[in-house]
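Please find the structures below.
Two complexes, one shared chain (chain A), two partners (chain B, chain C).
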Partner chain A sequence: MIELYLFLVFMIVAAIIATEIKDLLAAVISLGAVGFSVAIMFILVQAPDLAIVQIVVEVLTIVIFVAVIFRTTHIDETIGKKLAGSHIFSIVTFSFFALLFIIAIINALHEIPAFGNATMRVASEYIRLGLPGAGGANLVADVILDFRALDTLGEATVLFTSVIGVAALIRSVGRTK
Partner chain B sequence: MKGMSLIVRTITTVMIGFIFVYGIYIILHGHLTPGGGFAGGVIVAGAFILRILAFGSEPGGEKKSEIRASIFESVGALLFIGIALAGMVVAGTFFLNFLPKGIAFNLYSAGIIPFCNIAIGIKVGAGLFSIFLALAAVKYVVKD
Partner chain C sequence: MIIFLSCIILFLIGLYAIVTKRNLIKIVIGFALIEYAINLLFALIGFRSGMLAPIITKVDMPHKFVDPIPQALVLTAIVIALGTTALMLTVVLRIYNRYKTFDIAEIRKLKG
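And now, the complex of A and B:
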């Protein structure tokens, strides 16, 4: 349990470094530290499926970021400049709403069960029926592709839509103006 | 897009086959071990992306590969929906696991789950690769 908190502190520090550092390559490396910490936390709470997905997606994201940085620029010129008046107004507004959100979250946190003691009304049925009902030895595959396959179809549709969106946004045809 | 140095290209030549086979393994064993169609598809896409980054591609080559990847992505999506509709044809339920379950822990078990994993693997791998190609093929046209 204590190692989860250590990783959490490490992730917060790495995320702050990623937003504040001037060298973009160092910022990408800090972002990778956050992502791989998430993967290690998934392994610590015994979720290897999620850990594998997190690792490969993180590697792919970092590769794309590094490829873009090598082709454009290393230096983030917006960091270290003085804030304009409108910026200060938006920061104050954001802080106010963030405070409201945090108060609401703290009140809501009293309602949910403690860490590691989920109520599991539906999930216990999935665990009981997984191997006899769906036949797969990997319970996660049973859940996402048999019991909740419609959710997976929606997820696949999201990816399909995003690919179409990227292809439509940055195609070279029709960009002559 | 330009390629990388001789060291990177040599290492890529050695490693790319293993990465590709590992991605296929993760997809095919998705119902037995951790992993599945999504993770394996991303690994397969990573093998293709590594090849493009290390060896580069001839001008205009990204466009052709992107069209091919889009075709594969659509085939994966249609395969997934086709499996779902096949359940509807057999017994009237969307996403029914209509194939025999087989013996647990065998490669040929769990009915439609391995086929769904293969479809998702094709879809995710081709989709992420075509996103990468679309990003790599952007022409930086600066007008002033």
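And now, the complex of A and C:
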């Protein structure tokens, strides 16, 4: 699967550009490149439902980002400035903990099955019961809407809570001091 | 193994943006990068080489599917990521309207 590695390299480069570039609009476009690469990788690992949702969500994310930048400024003034002491401290601390994290994750990755050999302990039961038990041909839809419908209820709760938060924050008319 | 580690590197780039960047939009971009990395890692863990997408197209077809459970979990997580990103950007917009800057050091100075 050489194309997966190529897309991952592309995503890492685009992510570094997104965090380091001075123009915020360009950063958002780089973020969109990462997101659409994620959608293509979902297709390559046989997850078409995820690819559809990822494309829709990615377009919405970029539209929201561009709307915010359009109303404010698109220059990141903090890029060219001299590094303050606290900034250098945070970079050093981050490097230290990132190194610890990578060592821990290399040890942890020995525990999970290698790429391409997923163990299907729970999933084999869902696949067996999917069509007769839940009645849907798409097993992902069976899992989210029948076997684990409570998770989806929680998801809807979080989504509507965030919508209420956005609506409360964005309204321009309100109590003035 | 290498492919999982690449996802972790993408995660760490996002974490770097959150921890060390001083621009609020860059911090939100870091959160979005972390969400992509985690979603991708889950979808990659559930992959089985040579298997099909988990959709039953014939009644008595052999069950050679990739793992549907990580896909269901990620489907939930993608939508929640959109909600949190929209909420964060709204807060950032309100902060800009009040302080006229994205620099968190300037915002800290202007407080009170």
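To be clear about the criterion, the second predicted complex is superposed on the first by the 168 of 177 C-alpha atoms of A that agree within 3 Å, B and C clash if a C-alpha of one lies under 4 Å from a C-alpha of the other, contacts with A are read in each partner's own complex, and residues count from 1 in each chain.
Note that in this section a contact is a pair of C-beta atoms (placed from the backbone, for glycine too) under 8 Å apart; a residue touches a chain by one contact, two chains touch by 3 or more.
Predicted model only: the values in this text are computed from it and were never measured.
Aligning the two structures on chain A places chain B and chain C side by side, free of any clash.
When both complexes are overlaid on chain A, the residue A:L4 reaches chain C alone and has no touch with chain B. Judged by the touch definition given at the top, the superposed model places A:L153 against chain B, while chain C stays out of reach.
Touching more residues of chain A than its counterpart among chain B and chain C is C.
When the two structures are aligned on the shared chain, A:F65 is found in touch with chain C, with no touch to chain B. Once chain A of one complex is fitted onto chain A of the other, the partner contacts of A:P48 extend to both chain B and chain C. When the two structures are aligned on the shared chain, A:A114 is found in touch with chain C, with no touch to chain B.
Legend: residue contacts after superposition of the two complexes on their common chain; A:V140 is shown touching both chain B and chain C. By the touch criterion stated above, A:I40 is placed in contact with neither chain B nor chain C. Looking at the shared chain after the overlay, A:V163 reaches both chain B and chain C. Shared-chain residue A:I105: touches chain C; no touch with chain B. Superposing the two structures on chain A brings chain B to within 5 Å of chain C, judged by their nearest Cα atoms. Shared contact residues on chain A (touching chain B in one structure, chain C in the other): 48-49, 53, 57, 60, 64, 68, 131, 137-138, 140, 142, 144, 152, 159, 162-163, 166, 170.
Interface residues of chain B, counted against chain A in their complex, comprise 26, 30-36, 38-39, 42-43, 45-46, 49, 53, 66, 70, 73, 77, 80-81, 84, 94-95, 97, 101-102, 104-105, 109-113, 116-117, 120, 123-124, 127-128, 130-132, 134-139, 141.
On the chain A side of its complex with chain C, the touching residues are 1, 4-5, 8-9, 11-12, 15-16, 18-19, 24, 27-28, 31, 34-35, 38, 41-42, 45-50, 53-54, 57, 60-61, 64-65, 68-69, 71-73, 76-79, 84, 87, 90-91, 93-94, 98, 101-102, 105-106, 109, 112-118, 120, 122-124, 126-128, 130-131, 137-140, 142-144, 148, 151-152, 155, 158-159, 161-163, 165-166, 169-170. Across the complex, chain C meets chain A through its residues 1-10, 12-17, 19-23, 25-26, 28-30, 32-33, 36, 39-40, 43-49, 51-57, 59, 63, 65-69, 71-76, 78-87, 89-94, 96, 101-103, 105.
Partner chain B is touched in their complex by these residues of chain A: 48-49, 51-53, 56-57, 59-60, 63-64, 67-68, 131, 134-138, 140-142, 144-146, 149-150, 152-153, 156, 159-160, 162-163, 166-167, 170-172, 175.
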